[in-house]
Amino acid sequence: MCRWLAYSGSPVSIEDLLYRPQHSLIDQSLHSKLGAETTNGDGFGVGWYGAGDTPGVYRSIEPAWNDRNLRDLSAHIQSPLVFAHIRAAIGSAVQETNCHPFRHGRWLFMHNGFIGDFHKVKRDLVLAVDPSLYPSMEGSADTEVMFHLALTFGLEDDPPAAVSAAVGLIEEVGKKHGIEHPIQMTVATTDGETVWAFRYSSERNSRSLFYSTDVPTLRALHPEVEILSEVSDESRLIVSEPVRDLPGAWNEVPESSYGVVQPGQDELHPFTPRAPEKPTAVRAEV
Amino acid sequence: MCRWLAYSGSPVSIEDLLYRPQHSLIDQSLHSKLGAETTNGDGFGVGWYGAGDTPGVYRSIEPAWNDRNLRDLSAHIQSPLVFAHIRAAIGSAVQETNCHPFRHGRWLFMHNGFIGDFHKVKRDLVLAVDPSLYPSMEGSADTEVMFHLALTFGLEDDPPAAVSAAVGLIEEVGKKHGIEHPIQMTVATTDGETVWAFRYSSERNSRSLFYSTDVPTLRALHPEVEILSEVSDESRLIVSEPVRDLPGAWNEVPESSYGVVQPGQDELHPFTPRAPEKPTAVRAEV
Amino acid sequence: MCRWLAYSGSPVSIEDLLYRPQHSLIDQSLHSKLGAETTNGDGFGVGWYGAGDTPGVYRSIEPAWNDRNLRDLSAHIQSPLVFAHIRAAIGSAVQETNCHPFRHGRWLFMHNGFIGDFHKVKRDLVLAVDPSLYPSMEGSADTEVMFHLALTFGLEDDPPAAVSAAVGLIEEVGKKHGIEHPIQMTVATTDGETVWAFRYSSERNSRSLFYSTDVPTLRALHPEVEILSEVSDESRLIVSEPVRDLPGAWNEVPESSYGVVQPGQDELHPFTPRAPEKPTAVRAEV
Amino acid sequence: MCRWLAYSGSPVSIEDLLYRPQHSLIDQSLHSKLGAETTNGDGFGVGWYGAGDTPGVYRSIEPAWNDRNLRDLSAHIQSPLVFAHIRAAIGSAVQETNCHPFRHGRWLFMHNGFIGDFHKVKRDLVLAVDPSLYPSMEGSADTEVMFHLALTFGLEDDPPAAVSAAVGLIEEVGKKHGIEHPIQMTVATTDGETVWAFRYSSERNSRSLFYSTDVPTLRALHPEVEILSEVSDESRLIVSEPVRDLPGAWNEVPESSYGVVQPGQDELHPFTPRAPEKPTAVRAEV
């Protein structure tokens, strides 16, 4: 049910991130090891920061493994902050407007998992989206609604609080509809400077999520890996499943927690959903 | 802003309808004469009745004129009732879920025109859709919402009343939002037996709509047109713009009216939008 | 490297063939058990006989498992003779002109396997195609060339001899270029009446191929399988890998042999490649 | 029959080239004024130089006017040398491998026009392509063959001579087949430093081609046009039809001639096709 990768650090070519490593994200589109689905062939998306005020986004309904444009663009675009996502659709249409990452202004958002029994709760959740944001939802994916809920609850000001509110509302609405496990997720979001990555599920048995060991330690462990000598000390990868089989390279994000990758010291915190007291849109009243 | 064609009569190959005539619908995808847009290249769709309980639908985001599958399928499918639509998108995404005809059970629905300032009224209109129908909206097109409003207001029981209610609501909501001309439309809908075709716009200056002269008269006028000797007396075409330049063949549907093509005598009636007294969903309360 | 299915018998809906059975061809597009590749997501095609002088063909570059048009068309088309193919590309572009089945007049042709080191032999093989057939090659797939070689060598008159000549030439040209195993194949071809299915490879270790047990025997073995009571005694399936796990239902086509499914008694014969004495096009000299 | 644009100069965003100007290339995809076809909706392509040893290429079968990825990529990619092409197919399949610009190593090549009766001459022309280049032809477009002929005849060493030889061969082969007008073309090619643009047709009535007036003159004429103050003196556009209606801005490339845009003084020369003495591939003999 999807795989994703987030990179923050020295500018690298997207090709280095997506194609070069052993068991790369592109390999995972055909043969995921840890995913709920082994094939993630229902479209993909890449977001990156560079020229322009907003991040670039390239999304397609083709499988990532056979898309020649992705291959070519990857080799010709370099960026210090990249989101990439491969999709395994579970019901909703295969169309570009359902592909991750989703974008709003300078923000990107992507997700592995699902909102349980989405057809039952979709209307209630959509009603809680700020009316001013409503028209920008163009697809039918649960993640697009989750993103717009997070925006409604202040993603641009306090991402952990906003995601906590969105997930809290999804839990609350799901339970009202008698859904045992309303949400399953690993989520990444960024404003182009900082990356927040969340791991959570109602059943406390969340999809896998890993972050890379700091670069100086990795360099000492694996002096033979060339790319490590090229990237800055602060470079960091967060992935649904490891993309290289390097001993010591990958650390699991603990259940019900979130990480912050930022200039300076990165952070890891517990994550607790907390439904907003007034689940109707707060932005709408401004 | 789209062109469409509805056929009811003796079974014919879809190719005969879409490709054979001079100035065919496929020609119109490249060079419409009467359309608000000369090019209708943002996807297309065909719906037909045959095997199966529900009509078949083939929709694609490619331009109709270069889609080889459409050409091939058209030559291999025969049907007594065909809807075909070519799209000129005005803002909403080019994706199959935005292509006409839309389908619900045995019903098809297609539209040329637009809901004015749709982004302003979309949320209010969507809220009026019966919650049980809500999850089946998958795209972002105004027509999909209009169709689901008509279903909410009883399309399957009384199509003219349901379309009148849907359009009435669109007028009412549009005016509440200060929109001068909330709707512009020619619409066709069918249950597989009868075809209803509506022509209406807030400004009383509606997109063109024509129906063919009855076959016996046409045969007398144009004995040289072969297809006329092959189809039954009751066969009828309704089109956004004439597909053959046959004198006496085409009659304009009058402003603010609707036609009914059915077994027995066809009908033509005035059309008046009438907003439902209680614009919230009636089906929801059952 | 592709999976395929050929059906001949009582008219059935394509949906019954492609979607209904356990481990159906559509399942195999995601999870093949016996294929060289587990995922066959690089496009697909369906060919069928019905209205029209030539068979209908619907081909797409989308994965078969997520193509809604395929699902819908399958439910609305019935045919007594169906070819279906799901593709795993190995190098050549993912484009409709590379999707099977290929068509020429009333003939269809599809293939699982490959011509070894195709880039080395392509030019020599293409030169042997009859010049009058040359312009109808539109893609870059090895199978399209193989089909046109078979047509050059008389496919329409004597299919086993023509395929033997085509494969013989491929072996000969491959060996001239130092290729150890020039060909790997299971191939099906039909004129709309008879189906010929070939299993062969240079290394005598060919891709799997099965044909179904005759219907009367199957009915006696599995009275509970409903579809068996609906199809005629002569109905037959040939598949890359079994589509239902029915004991006694499937028989392997032996190495280096071909089967003929036809009105009356079906046949099974040994297959031997035999390069034409004059490998240049014979049709060209007419 | 296609429209194209070539830019060489200060790095600009592709969006500035393709979308910003009045009557931009994107507008021309819907409404060309000077083209043989008013609609150019059968795919498009963009090539640019930047990161990487070879130029980036993005090609798609969608119409340029509705492709959101093109819009987004254009805003996020800047380059000093850009080729862009919109296609109106005349017969050959709409597939990415038929979209321009074509690429070989550091070279790009694009074309407006056609090889007359291509199906009659294709085989002879393809046979003249160097066998080592043969496998890299993946589509069915006449331009791909013309490009590979030019490569065969030394495009990388002497572009005008190589194009002259390719066109000479096309004339010769065409005449042998009794084709009155074997070629119609405007062609652009580049190695990333210099751009060569050719205008020629057998009937000496070639498709339109324009180059922009030098920037210092344009600045003096139109001080109000902002972009002119941002680009270097040597910046130059070559286009199938003018993209802004600026008096004094556009100069027609004369019939049967070619221009060279390069560092230093640009050049304009007469163009004469000259078939190679030995039309078989010269590279093959190395």
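We call the chains A, B, C and D, going by the order they appear; numbering starts again at 1 in every chain.
Assume contacts are C-beta pairs under 8 Å (C-beta built on N, C-alpha and C of every residue); 3 or more make two chains touch, one makes a residue touch a chain.
Note that the structure is predicted; figures quoted are calculated from it, not measured.
Can you list every chain in contact with both chain B and chain C?
Touches both chain B and chain C: A, D.
For the sequence-identical pair chain A and chain B, determine the rotation angle of the Cα superposition and round it to the nearest 5 degrees.
180
Would you mind pulling out the distance in Å between where the CA atoms of chain B average out and where those of chain D do?
The computed centroid separation for chain B versus chain D comes out at 41 Å.
Mark out which residues of chain A touch at least two other chains, giving numbers and ranges.
Where chain A meets two or more other chains at a single residue, that happens at 68, 93, 96.
In their complex, what parts of chain C are in touch with chain B?
Within the complex, chain C touches chain B at residues 13, 48, 50-52, 56-60, 68-69, 72-73, 75-78, 96.
What residues on chain B touch chain A, complex-wise?
92-93, 95-97, 119-120, 122-123, 126-127, 131, 134-135, 137-140
Please name which positions on chain D make contact with chain B in the complex.
30-31, 38-39, 41-42, 61-63, 65-66, 68, 89, 93-94
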